[in-house]
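For reference, the structures are reproduced in the following blocks.
What follows is chain A paired twice: with chain B in the first complex and chain C in the second.
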Partner chain A sequence: MQIYAEKSKKLVRELKTSKWLPPYNSGLINEISTEITELHGKVVESLASQNDNLAVLQAGCIERNKRGVLAYLNYRASKLESLRVENGPTIPPHYSHQLSSDEVDYFRKYSALLQEYSSKVCEFVDITADLVPPKDLFIEVRVKEEIGDIVLPVSGQVTFKKNTAQLVRREEVASLVRQGVLKQTK
Partner chain B sequence: MSLAEEILQLEAALRREKVCPEILNFESELVNKVVTAIESKQKLINSITIETIEQQFETQIYQLDLDRIKYLLSNYLRTRLFKIQALAFTIVITNKADMLSRKELAFLEKYYIIKTNLFKKSFLLKIPEEFRSIDHEDHSTSPDTEPEMNKHVFIRALDTIGNCKLPNGQTANINKDDIYLLPYSLIKPLIELKKIDLI
Partner chain C sequence: MIKRGYWDIDDILADEEPIMVQVTKTIKGAGFLNPESGELDLNEHTRFTIPLWLAENMATRELAKIELPKIFGESYLNILEADPRIISLKDRSNYFFEVATKLNDFLQDGKFITPLQKVFVARFVHLYNEITHNSDPKIIKKLTELERDIYEKGMKTTREFFDWRERKFDIIRSAQHVVNNAKRFKLK
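So, the complex of A and B:
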């Protein structure tokens, strides 16, 4: 005998197996969708043969499956949202192959939406700029990864060479610090 | 009201928002005032031409002070946005939208669309049409976790409240400035009456 709604339980459990997110399991989602379609056929059958109790049970399995998949997708989406806020508008390469193309698309749309909201509230405030209370205007950073020349809004052109230390404006490099490219030393 | 007082109020609003399990009314007047203050101060700082070291030092102190106000404001707005995202479906279904600012509402509307699109493309379009809806009134199928209304919160009485019946049958005599740890659902009406503050 087949046990229904086992697969959606497995899907939700998968979320716990990874530090960030497990690879997107489209195969299992497709299997669950097939199971739902199959169950739907059975509900119709049971109703036709006036077996109402069985129909209620089968419909319950469908709802449970659906709830499981939605919880899975919702949890993943919320992880993407925190990634956007903490890490800036790009997905780090080692994260991107854990995601489905729809999720990458969602990340991009969400990122634009957040940007739009932030700029509408006040032109001088970026709501994702400071996640901890700012203590100094300038911070000392050590460069962990080679960046080379970049242009910052106030300081102008700055050269970040690997393993050098520099004094820079906090707000301009905040996202680089959070990405781990720069490390704050003081 | 001076800017210093407004900032204290914003701090209190942020604290309330962080503690409360559901979304609170948007402090539109307060936020508007702080935004205007930030804009004028930033313009002022930008317009200073730095000639001496002293001037440079002074501007930097102003800028840092302003950055801290910006942090407070963005933290308040961010805290609310996160709550709106977490409760998006609940807010849309239960029509709680009047608690939000107009900009937050615009955010929520678009957010709701991209979120439902994600669900549709990844999953809902693969199942029979009868089961695709996710916004039933009883939100049995809503993907949100409902706000935990019985969560215990710390409160400080702003006024003498008198006897208050606790869920375990006992009564508590709450005087002004008393601090209690109580379930949120019990003291919710008192917050709206501004008789207590969440801390």
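So, the complex of A and C:
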């Protein structure tokens, strides 16, 4: 005989064992939802036979399964939100295959909302930027990955070649530094 | 300090710790909770192990009595009190203190909770010294989930404090998880 609510435990444990997020486990979630349906039928049965104590235990198993799945989804969603703030509006390529299509959609919509809010607060301020006021307008950065030519809003076209050091405007490259493409040296 | 909440995954996992209970009332058809016995009903006076959440559920309805787990027994506590710092609590339970506080609501003679508070404080002071002076990363192996959380936050705060003292606070750092994962990605 199977033990109920084992699967939701496995699901939650997956979150703990991975560094960022485990691949979205839709198979296990489906199995849990069938288990819940099965348990629900049993609860109705035991209520009909006036076996209250049994019904309570079975309902407890349902609640437990529900809590496991909801916490799983909520945890993933909050991780995505912090990814948006730390890493900008794009999902890094090595992350995207760990997300379900719904989660990618969630990320995009959250990103759009954040941008809308940002533009309402002030047109020229990025609300995900640092809270600490900068000491200097310009910072020295070392390029960690090959980027090539990019166009920045104030400085215009800049060429970032790998392993070169450059002096650039702080606010323009802040997101690149946080993504780990550039490294601030001074 | 201990977080408790519907959404908290640590709280959920702490609820999974196995607990020995004794059934006080026969429940018809509830044999599925104890598959080893192979019986259809859950008989009175049966002793068996179930996850903590189920034990709580049964104990609040007076269907079963929770027994004090061995890890909070007197002999174990004596060892712990002798030197709380060097013992690996992780081997006993990853959620040692969380389980203790949860059980305290259900066991009337809450004798085990007072020594545990002392143990926690002693371990915390030790942890604080490790973080601020010479941090030996091996210490992580002996910590429970809660203590590891404290350790990681402490290390981060110490680092930020040193940055501040050397006037380096405006350096933009890359998000730590991005760096870790990018490295792994490259290796593949």
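Just so it is clear, the second predicted complex is superposed on the first by the 183 of 186 C-alpha atoms of A that agree within 3 Å, B and C clash if a C-alpha of one lies under 4 Å from a C-alpha of the other, contacts with A are read in each partner's own complex, and residues count from 1 in each chain.
Methods note: contacts are C-beta pairs under 8 Å (C-beta built on N, C-alpha and C of every residue); 3 or more make two chains touch, one makes a residue touch a chain.
Worth saying up front: this structure is predicted, and the values here are computed from it rather than measured.
Residue contacts after overlaying the shared chain place A:R67 against chain B and chain C alike. With both structures placed on the common chain, the touch criterion links A:H97 to neither chain B nor chain C.
In the superposed model, A:N87 lies in contact with chain C only, and not with chain B.
Looking at the shared chain after the overlay, A:I3 reaches chain C, while chain B stays out of its contact range.
In the overlay built on the shared chain, the residue A:Y117 is in contact with chain B alone; chain C does not reach it.
Of the two partner chains, chain C is the only one touched by A:K16; chain B is not.
Residues 67, 70-71, 74, 130, 133-134, 136, 170 of chain A touch chain B in one complex and chain C in the other. Across the complex, chain A is touched by residues 6-9, 12-13, 16, 25, 27-33, 35, 51, 53-54, 57-58, 61, 63, 169-175, 177-182, 184-185 of chain C. Across the complex, chain A meets chain C through its residues 1-5, 9, 12-13, 15-16, 19-20, 46, 51, 53-54, 56-57, 60-61, 64, 67-68, 70-72, 74-75, 86-87, 92, 94-95, 130, 132-136, 139, 170, 174, 177-180, 183-184. Only residues 35, 38-39, 42, 60, 63-64, 67-68, 70-71, 73-74, 77-78, 81, 85-86, 103-104, 106-107, 110-111, 114-115, 117-119, 121-123, 126-128, 130-131, 134, 140-141, 143-144 of chain B touch chain A when the two sit together in their complex.
Those residues of chain A whose C-beta lies close enough to touch chain B in the complex are 26, 29-30, 33, 36-37, 40, 62-63, 66-67, 69-71, 73-74, 77-78, 81, 85, 100, 102-103, 105-106, 109-110, 113-114, 116-117, 120-130, 133-134, 136-137, 170-171.
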